[in-house]
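Quick one: the structure is below, and I'll ask about it shortly.
A, B, C and D label the chains in the order they appear, each numbered from 1.
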Amino acid sequence: MTIDQLLVYFFGACAMLGGVLMLVARHPMRVALALISCMLSLAGIYAMLGVHVVAVFQVLIYVGAVMVFMVYVIMLLDVRDPSFVRRYSRMLLPGVVLGALLAGALGVSAVRLGAPAIQPGASAAPSYLVQPFSVEFLREYWLHFELTSVLLVAAVVAAIAIIRTGRRSDG
Amino acid sequence: MKLLTVIVLLPLAGFLLNGLLGRRLGRTFVSIVGCGLPILAFLATLKAVLLLQAAGPDAALLEVAYRWASFGDQGFDVAFYFDRLTAVMTLIITGVGSLIHVYSTGYMKDDPGYARYFAYLNLFLFFMLTLVLGRSLLVCFVGWEGVGLASYLLIGFWFEDPAKAAAGKKAFITNRVGDAGFLLGLFLLYWALGTVNMDEINAAFAAPVAPAVSASLVGVLLFIGATGKSAQIPLHVWLPDAMAGPTPVSALIHAATMVTAGVYLVARLHGIYEHAPEASQVVAVIGVLTAFFAATIALVQTDIKKVLAYSTVSQLGLMFLALGVGAYGVAVFHVYTHAFFKACLFLGAGSVIHALGGEQDIRKMGGLWRRIPLTFGTFAVATAAIAGIPPLAGFFSKDEILWFALASQHGGSAALWVLGSAASLLTSFYMFRLLWLTFLTPSRMSHDTEHHVHESPFSMTGVLIVLAALSAIGGFFELPHFLEPLLPIPAVAGSLEHYEHTFVFVAVAVALLGLAAATFMYRRGLARGEALAARFPRLHRILGGKYYIDELYEAVLYRPLHWVSDRVFLGLGDRLLIDGSLHGLAALTRRASGRLSRVQTGQLQWYVAMAVIGVVGCLVWVWRHG
Amino acid sequence: MADTQLLLGLSFVLFALGLVGVMVRRNALVMLMCMELMLNAVILALVTFSLETATLSGAVLVFLIFVVAAAEIAIAIPIVLQLSRQRSSLDVEGYDRLQG
Amino acid sequence: MNWYDVVKAMLPEHLLLAGMVILLTLEILRGRPRDGFVVAFLALAAAAAAALTLHMEGYTGAPFSGHFSVGPDASLAKFALIALALPVVLISRDDFAETRYYVLLLASLYGACLLVSSDSLPTLFLGLELMSMPVYALVLLAQLRADSAEAALKYLVLGGTATATFLMGVALLYGWSGSMSTAVFAAALGSSDTLPVAGVVLVVASLFLKAAIVPFHGWAPDAYEGASVPVTAFMATIIKAGVLFAALRLFETAPVTRPLVDVLAVLPLVSMIWGNVAAIRQTSFRRMIAYSSIAHAGYLFYALLGAGPGRAQAVVFYVVVYGIMNVLAFAVLPRGTDDERSDRLESLQGLYQRRPFAAIMLGIAMLSLAGLPPMPGFVAKFLVFRNVLAAGYTGYAVLGLVASYLGIYFYLRVIQYMFMNPATADQPAGHPRRLALAASLLCLAPAIVLTFFPGWLLDRF
């Protein structure tokens, strides 16, 4: 067992812990921190597996942009809220049971796969280094690249529209 | 020129004109369009009949209006098919239809919704013609649903009255049950034969290689459709309630034309039923039961239109009895005679109601013959016709039905004959009861009403006279023989061959017996028997004589029948089973609807949970069965 | 031994955890974060499969998911903000005026 | 790569995008407030014309091979989507003047168009997201309604869940095949391996979620009720159509085998019954339409049971007819100033006396949605059930037919309210509006054509 494998284990355990903490933590800020730790652990796994480009962007986009935004909003809304005290909805028990069932059902379908093991960092043809990946990405997938820009424009307009509507309904 | 298409489109033009412009253009215009176009359609039909006659006995006119759609390699045409069967139906629809339109100009004179009424009536004719002229079951089904819609609109015509709206809804829902059967049958036929053209369906079943679908199954499914439209047990409940609409509507839709659509359908698809003895058996049994039980109910009705409504149900039952024993032509014959006398009766009833200012209860009538003699005369002729008094129209068709019910080799039996004859006897009895109580007994009208009585205008009485004349002489036209190239007449059981004339006398005797009994009971009005028997029960039993007969009648005939019809049939059957199940079904769906609404709690988490249940359920199902 | 099964298992568990979070947590913001967790689980599955099948398209989809996740949050946060202003609460169980 | 192809194949999309860009520019330059409507309408009309031309021409092209391709069928579907949006835009003007609204509408349509011609799962995914995301915001934009933010959140959370589920399914399919082509899905349909089948189930579940099939339907009634009328019309028609076209794109002509058949038949069947039964007690028109749309989604997915070219024919015809009739209903719906009150079914009482044209149009829409002949809705149902029968699932066909008859009752109730019940005093006046009239005529014309000449559409397959 190499140190790489150990690290993948370790990060996997951390990610799992982060996920569980998200469900248990009372305050949204703690949930956000749990999520961030989970994401960072996942990024660690990707780095160990040699998928550097995903690891980099996981940190940059998810942790750097999305979660920072989230944390900012949480701080903005840091008021006493009943949902801080009673964190679970009525669906607690059925929800947990259903989640377990779902994980089980998905697991069953994958266990039967009988797939070959992957050697971390020793993967074959495609390169996940930033430069080759980017070249490949823009050569084959530039339609999607353009489409994401449309999507982002739409999202920005949507956000503006929502905020304007809210302002009007307040005033 | 596409003659058949023109026949169908003329009433549609009337609907569009009256519906869109009627309100602006005034009553004269509405009347001219509303009556003129059906009459034109009638004339066009006559021309088509002439063409058909020139072409030979089993010829047919076929006219493709246009290619409607093609599904895969198959084309669906809107095609019209005109053979002798269609000819008879079309003549009835346009002929009687036109007469009723003319009648309506008088009956609906003062109604604010005059234009709308005629628009709906024309719309009905359009759909009815589509139904009988359509070559494919699909076109037929369009008409089938369309007449239901038009009927719904016309029943609810005076929509201020919630009871009428409810009646319309009841008709609509009951018919849906039947339609589901129709559609299933249609799909099965299409699936098995790859065609829905009715002539080709008949041919396919006559072919030496049997189609890959059970004729009995299809037959029963289509018959379910027919029971809905033609008000047979157990889907008959809507028809009496449908009488809430204007009387000419009852005459046209709920007596002369639409309700016979089921009979037409079975006769048209006789190819299926000839090869489906089980389905035919079902048809015959349902038919005769309906005929008998509806007649018992009619015995105790006091609303003039309700009596006629139940009598319609009963007569339709006789038609299905004929269909069930393979005498398709005879059934159509009865459709034809029934159209005349039942239209005449309904319109006569309309004239009575018109004269009395809306009174419908026969217990509050009487003595009208002097006041409205024309109505009385025509009503009497039609009553005699429906009762089967020779030589009026009803005698011929009914006699043949009963004969084939007994003697047909295609499922005839003594039991069918007995029940059918009993229905016939009861028919004669309650129809003459109606005649006595309405017209002949001393007047029981209130003073106000009495003052009001007046004969109807000529537009109404003229129509009555025409219809009465047709009810009188219509039977001399040998319709089953005319239709024989299309609709074979079943073979008669050998042992009975020589008794046909004997049974004619039996039929006449039955009719006269009914007449005599009714005369005896109701000659002097309602009070007879009932009142006396109630006041001096012992005395009149001791005195015997005629009172004893009363008692006997009361004990043997009236009471059990009343009990059967009132308790068992109306009470248990109608109210509890049919109404109950309809209402029960409605209540059930409403309750189910409430339950389902409660699932929609507004809780986001619950919605997500439902979705997860779905995902997990699907995964597990697929995994378990993979 | 870090094989496909293990990573996939982790991915499924994280996915289920995210879904459970959406179902059981009352706070609207926490709910949104749990949705992000689900997307992360999918990314893990995609990366695993991309390595296993030695193709690039899985990793490409990951990038699209990044963008979509960002866009989703950009729309979701203003909606939650407005709701919290209207109802002065972040409690999702209280958002049940539309029902039936 | 051929630039000419890139421009031509994506012409409808480009025109929609051009509309968005112009609108955004106007927004930045602070143009007159009503400008949004005109530009959006023109962009839509141009895009519809472009799609129709491409279809007529029989143009086939794949500018981004393996990701995006156009054929006559795809162009026709795009035309249907864009043309359905035209009346929706017409009825939007009175509620929404801002350019933002129209940008979002066009963006959503852009996504729907992408779905139709996507060849790879990433394209499909982007199309789905681009289609649904702007609608989350559109739901919230209803100014007349206090609860629309709640509706938007519900829609967003369920939609986000659907996205994650879809992606998980895609990941499993990808892991099975190593490819992201849409053909993988059709191949997986025939596989008996657990991994691809699980992938198929997850993808189908996400489509069910977006199309509101029981038990994934929770969001639909709330979102439909909370949104404003034009947005509800948009969701009920174009979004549903887009999802179904996506399903069609995935299933192609591959036959569905057991055990997937049961999933694909039972849940839609339950939806038909559930939607039709739950609609009976509703008092809000939009909520009733929401339940009706749940039932209709059931019929639509039923069409996928049959294999071969009949599948596309049935789905497209059904979608078009259903869409036209729904938009027609919303176009003629009388609207007052008080949204919640004019949404109540009772406000339709005696509509025939007040506004006969609107009542007749609404009646036609209801009868057609109920599937009564000779309305085109009947043909649509006929096609669906014919397909199911042809695939040999007689039992499911019979059950579906019976379930479809449950639905007639509540459509009839609307007709009863309009034609049979007298008007009450306190009804919103609801004056006829010219644009809404134009929208209803725009729906009526194709409805008439499809009633009498359904072949006009059917023969195109």
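By definition in this document, a residue touches a chain if its C-beta (ideal position, glycine included) is under 8 Å from a C-beta of that chain, and two chains touch if they have at least 3 such contacts.
It should be emphasised that the depicted structure is a prediction, and the values quoted were computed from it without experimental measurement.
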Contact tally winner between A-C and B-C is A-C
Closest chain to the protein CA centroid? D
Using the average of all C-alpha atoms in each chain as its centre, how far is it in Å between subunit A and subunit C? 7
Compute the distance, rounded to whole Å, between the mean C-alpha positions of subunit B and subunit C. 63
Quick one: subunit B and subunit D, Cα centre-to-centre, how many Å? 43
How many Å are there between the centre of subunit A and the centre of subunit B, using C-alpha atoms for each centre? 70
Sites on subunit A at which at least two other chains make contact: 89-91, 94-95, 98-99, 102, 105-106, 108-110, 113, 115, 141, 144, 148, 151, 154-155, 158-159, 162, 165-166, 169
At which residue positions does subunit C touch at least two other chains? 8, 15, 18-19, 22-24, 28, 31, 48, 50, 52, 54-55, 60, 64, 68, 71-72, 75, 79-80, 82, 86, 92-93, 95-100
Which residues belonging to subunit D are in contact with no fewer than two other chains? 122, 126, 129, 133, 136-137, 140, 146, 149, 152-154, 157, 161, 168, 172, 175, 194, 197-198, 221-222, 282
Touch graph of the chains shown: is it line, ring, star, complete or other? complete
Sort out for me which residues of subunit A touch subunit B in the complex. 89-91, 94-95, 98-99, 101-102, 105-106, 108-109
Under the definition above, what is the set of subunit B residues touching subunit A in their complex? 603, 605-606, 609, 612-613, 615-616, 619-620, 623
Residue ranges of subunit B in contact with subunit D within the complex: 66-72, 138, 141-142, 144-146, 149, 153, 156, 159-160, 165, 168-169, 172-173, 176-177, 179-180, 183-184, 187, 190-191, 589-590, 592-594, 596-597, 600, 602, 604, 606-608, 610-611, 613-615, 618-619, 621-626
For a test of understanding, state which residues of subunit A touch subunit D in their complex under the given definition. 105-106, 108-110, 112-113, 115, 141, 143-144, 147-148, 150-151, 153-155, 157-162, 164-166, 168-169
Spell out the part of subunit A that touches subunit C in their complex, as residue ranges. 1, 4-5, 8-9, 12, 15-16, 19-20, 22-23, 28, 31-32, 35, 38-39, 42, 45-46, 48-51, 53-54, 57-58, 61-62, 65-66, 69-70, 73-74, 77, 81-84, 86-92, 94-96, 98-100, 102-103, 106-107, 110-111, 113, 115-118, 120, 123-126, 128, 133, 136-137, 140-141, 144, 148, 151-152, 154-156, 158-159, 162-163, 165-166, 169-170
